[in-house]
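What follows is chain A paired twice: with chain B in the first complex and chain C in the second.
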Partner chain A sequence: MTSNIYDRRRVNGPARSVEPVYIDAIEPMAFPEGLRNDGRSLDQLRPIYIKTGLLAAQQTFSSTAPSGSAYYEQGKIRVSCAIYGPRQGRKSNPRIGSFDCDFQYAPFSCSWKKRSHIRGADEKETAQILEQAIAPAIRLEAYPKACIDAYVTVIESDGKFATISAAINCISAALADAGIELYDTVAACSMSSDSSRWVADCSQLEEDASSCSQLVAYMPSADEITYLLQNGKSTLDRTEQAVQACTNSCTRVYAVISRYLQSSMEQPGI
Partner chain B sequence: MSSSTAAADAADAAHVVTPGRRLGLTQEYEAGSGTYVRNGMIYASLLGVRKTKTEAEATTMGGATAGADRPDETSGRPTNPTIYVERRSTRYAIPVIGSEVLARVVRINPRAASVAIMMVDSAPCQEEFLGTVRVQDIRATEKDLVQMIGSFRPGDIIRAEVISLGDQRSYYLSTTRNEHGVVFAQSEAGNSMVPVSWEEMLDPKSQAVEKRKCAKPVAAAAV
Partner chain C sequence: MADVTDEKQQQQVAFAMHTFERIHHVEFQRRFLTQETRHDGREFTQFRPTHVVKGAISTAQGSATVRIGNTTVVCGIKAEVGEPDVNSPDQGYLVANVELPPMCSARFRPGAPSEEAQIASEHIHRLFNGTAGNKGVVDLKTLCIEEGLAVWSLSADIVCLKYDGNILDASIVALMAALEDLGLPSAQLDPATGVVSADRTKAVPLVLNKRLFPATFSLVDDAYLVADADDAEEQMATASLLVVLDASNGGALANMWKRGAGRVSSQTIHKCIDCAAQRMEALIKTL
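Moving on, here comes the complex of A and B:
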């Protein structure tokens, strides 16, 4: 989408907003002393914050409240997800339910361009990625003829692959909050490489400076990768290495999500 | 009261499980609601509290989960305790064949009534499902003489049973049983009516009688 979209029904902010340029900004993928710009090591993930149930009925006083919701932060990435369902499906398969995902970037979420309110092609593609990554984890045979809808909104984005992984983690937490039957919660993680080494959980600057990015969505209890996405050029050995390392990172993300879900149940009245 | 709930919460907190957590072997336990079985191991499928019940205490579990494994062995071998995952907050239900539903009549025509299913087996639906009651499924006897206008009117609340998952658009329901039919209706004057027989309801204010296929009132404890 070009940046000169003018929507006459809304108060338009500046067409383009960018982060200020810092004078002593270091080259993103050069790692002096083995540390990155924000002080992380090469395989360290950004800190994760999760909260579920923020859109629940008693919070919003609405009769059309979602069954479950989650808010997820990973570094500067902020994603929110609402789950509606199980409800009457449009596809209506008598044997198995369906899972549909709607993904959108908030217009202010990407610091390098203003997004339109209309779903772009990349948002539709990401919605399909999320459906394919999450659907294997849901016990759809327990919901014949019904459909489960996930609505994901990216409030702030920082690294395309990292944002998609954050969306997957957010949907997993929201599905658990909604009481949908799952085989397991899916955890996802991303890595990027500048053709010499793989770096976990890259920010937008690091991803722009890399030549290859990879995303893995993983279900630890079944030891199954539900989705694998690679963008860019890499050799077979390096890809295999990255898949292994990314899967290990997914296990760490899974531990964070599980620990949060358990502690969310321990509050009284839940 | 609050201290006993706090103690119960503390005991439960030790058994909070997330989906995918292993609960036990199928050799030692039966899989209850909120669980699934893979390769001889029972896993949790919900975020909730892990509980067990022995066969002696087992009553029919409320239809919280459609399609979950249910222990129904009645053979002579000793039965294992059932392990299940309980979720205290609202579980939204979907209609399954054989479940009893509460629905609101939306539209009628001489061949079928369209209804919006609001509750399934005492669990609410997140959004109303569409159902259809065909005219031949309203009554058990004299099916060819049934008239829709004398059985249901738009706005009535009915109790019905799901007989089929139906087609693309709606579930098929039936009210042939005595306990199924209209449970609440308003007369043409706008007052709530009370059932006087299986086919008539009375408006206490205007003394007008209207024809409906009424549900046999059940004792309060059973509901």
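Moving on, here comes the complex of A and C:
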């Protein structure tokens, strides 16, 4: 879509703008010697870094600071999440609390066309995905009439499904930082296939060249999948294999998140 | 035994202090301001430690992350191609926007941009673009690819990750750093198809007319002029003064903006400009 939405509450640029055609492309899904462009093997995940509590109030007891926050990096993907709550919500259910998620890409975060400031349909869809993936893990019956809000901003994105799974992991870490009661930490992972092999945790270039992508959000302690999404064509056998492989990757991601959360508890001032 | 009671006493004192701050936050701040200091221990004219990191975001053509104390902003500039305005066929666009998402502070609700975000966007956009007689930071003519047909449109988006006051300073420093970091791909327009192709390996940095350094001063409680107010102090401020100096023009005054109903004398303004010059020297050394 080349025309830019006119937003009267922001400074607007020209009515229409496009990305130029970049003439410096690389071949993504060819794997010489079984290694990918960045040197990873086909089932290797990108290195993960998590820092919780960055948005917390430092010296003063501030009423505007979030209850929990996390900054998550996976390769080039950077996601930041803030959790507000439990606080009074608009929909006040006397039996059970509610979990709401607001997801946005920063305008400079995607390698394709600059995103508009107004929430697009895919951002709203992703917010729903995040809610559905995380809500089963929260003990919402412990927070009646209250509302837990998660605000996720993607600062840099590299692979659509990988970014969504990064957002899920980020929210999990932030919820733990906020001290919200959880049944388990949800870990998510994605895979893509180019009709012959499944490749874990694909970057944007690899995903664009693939024919099928899959996202799994998993609770390892309960051995339950909270969310499964597949985009593209695949046979039943290959899908089952992929779900199994993705679930194993989720367990590895879970171990990483747990380790970061543990070390953040041990050093409270940092 | 003595240690335990000492610790308990310390905890009680800390708790009492936090409660007092929460309930009477104006009185709490006054306790410090009347003693010529601030609640975080700074002097009235002292700025918070400032850190700038350029080029962290690979999806943006230019980017910078700035931290002033606890206020953290990320500026990313994406370059796209568009048609120029009919009245200025050889000029490109620089569109600056400040975003204060609900993530950075509970003060901001999700939805349309708050008043504060709109005001900041408008002011920074005008500051960097200049007006008819006054050149902006970027010479828009250098953004022209083919006159009348294709120009670069730079969308500079400043996203606040953590809000602790003084968003204007952080945004101006971030946008300045991101512009310095920007590498504009060399572009060519194919006249037959009208398609612009660009080569990212041959990126050219922008030529900047000005090098801006901001400094914000706030009149807290209508009596105390402090530099670089944080969120708690901003809530109590009756007026604020933004001074922007241009280092490439020997520290000349590039922009001044006084907001709020509080009265500020002209001697105070002169003091602020001197203080801003010192801030500029300090920033130049750290960057």
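Just so it is clear, the second predicted complex is superposed on the first by the 237 of 270 C-alpha atoms of A that agree within 3 Å, B and C clash if a C-alpha of one lies under 4 Å from a C-alpha of the other, contacts with A are read in each partner's own complex, and residues count from 1 in each chain.
Criterion: a residue touches a chain if its C-beta (ideal position, glycine included) is under 8 Å from a C-beta of that chain, and two chains touch if they have at least 3 such contacts.
Quantities reported herein were computed from a predicted structural model and do not represent experimental measurements.
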- Considering only touches as defined above, state whether A:20 meets chain B (first), chain C (second), both or neither. second
- Task: Please indicate which partner A:176 is in contact with in the superposed arrangement: first for chain B, second for chain C, both, or neither.
- Result: first
- Of the two partner chains, chain B (first) and chain C (second), which one does A:121 touch, if any: first, second, both, or neither? neither
- Which holds for A:106: it touches chain B only (first), chain C only (second), both, or neither? second
- Query: So, does A:236 touch the first partner chain B, the second partner chain C, both, or neither?
  - Reply: neither
- Could you look at A:185 and tell me whether it touches chain B, chain C, both or neither (first, second, both, neither)? first
- Partner, of chain C and chain B, that touches more residues belonging to chain A: C
- Looking at the overlay, does A:84 come into contact with chain B only (first), chain C only (second), both, or neither? both
- Query: Shared contact residues on chain A for chain B and chain C?
  - Reply: 84
- chain C residues touching chain A - in the complex, by the definition given at the top: 18, 21-22, 39-40, 57-60, 63, 70, 74, 76-78, 80-85, 93, 95-97, 99, 101-107, 110, 112-113, 118, 121-122, 125, 153, 155, 157, 159, 161-163, 185, 187, 195-201, 231-232
- Item | chain C-facing residues of chain A, complex | 9-14, 16-24, 54-55, 58-66, 69, 76, 78, 80-82, 84, 102, 104, 106-111, 113-114, 117, 149, 151-153, 155-158
- Item | Parts of chain B lying in touch with chain A, wherever the complex brings them together | 5-6, 9, 13, 16-22, 34, 36, 38, 43, 45-49, 65-68, 87-92, 94, 96, 125-130, 165, 167-169, 171
- Item | chain B contact footprint on chain A (complex, rising order) | 67, 84-88, 92, 94, 139, 141-146, 176-177, 179, 181-185, 219-222, 258, 261-262, 265-266, 268, 270
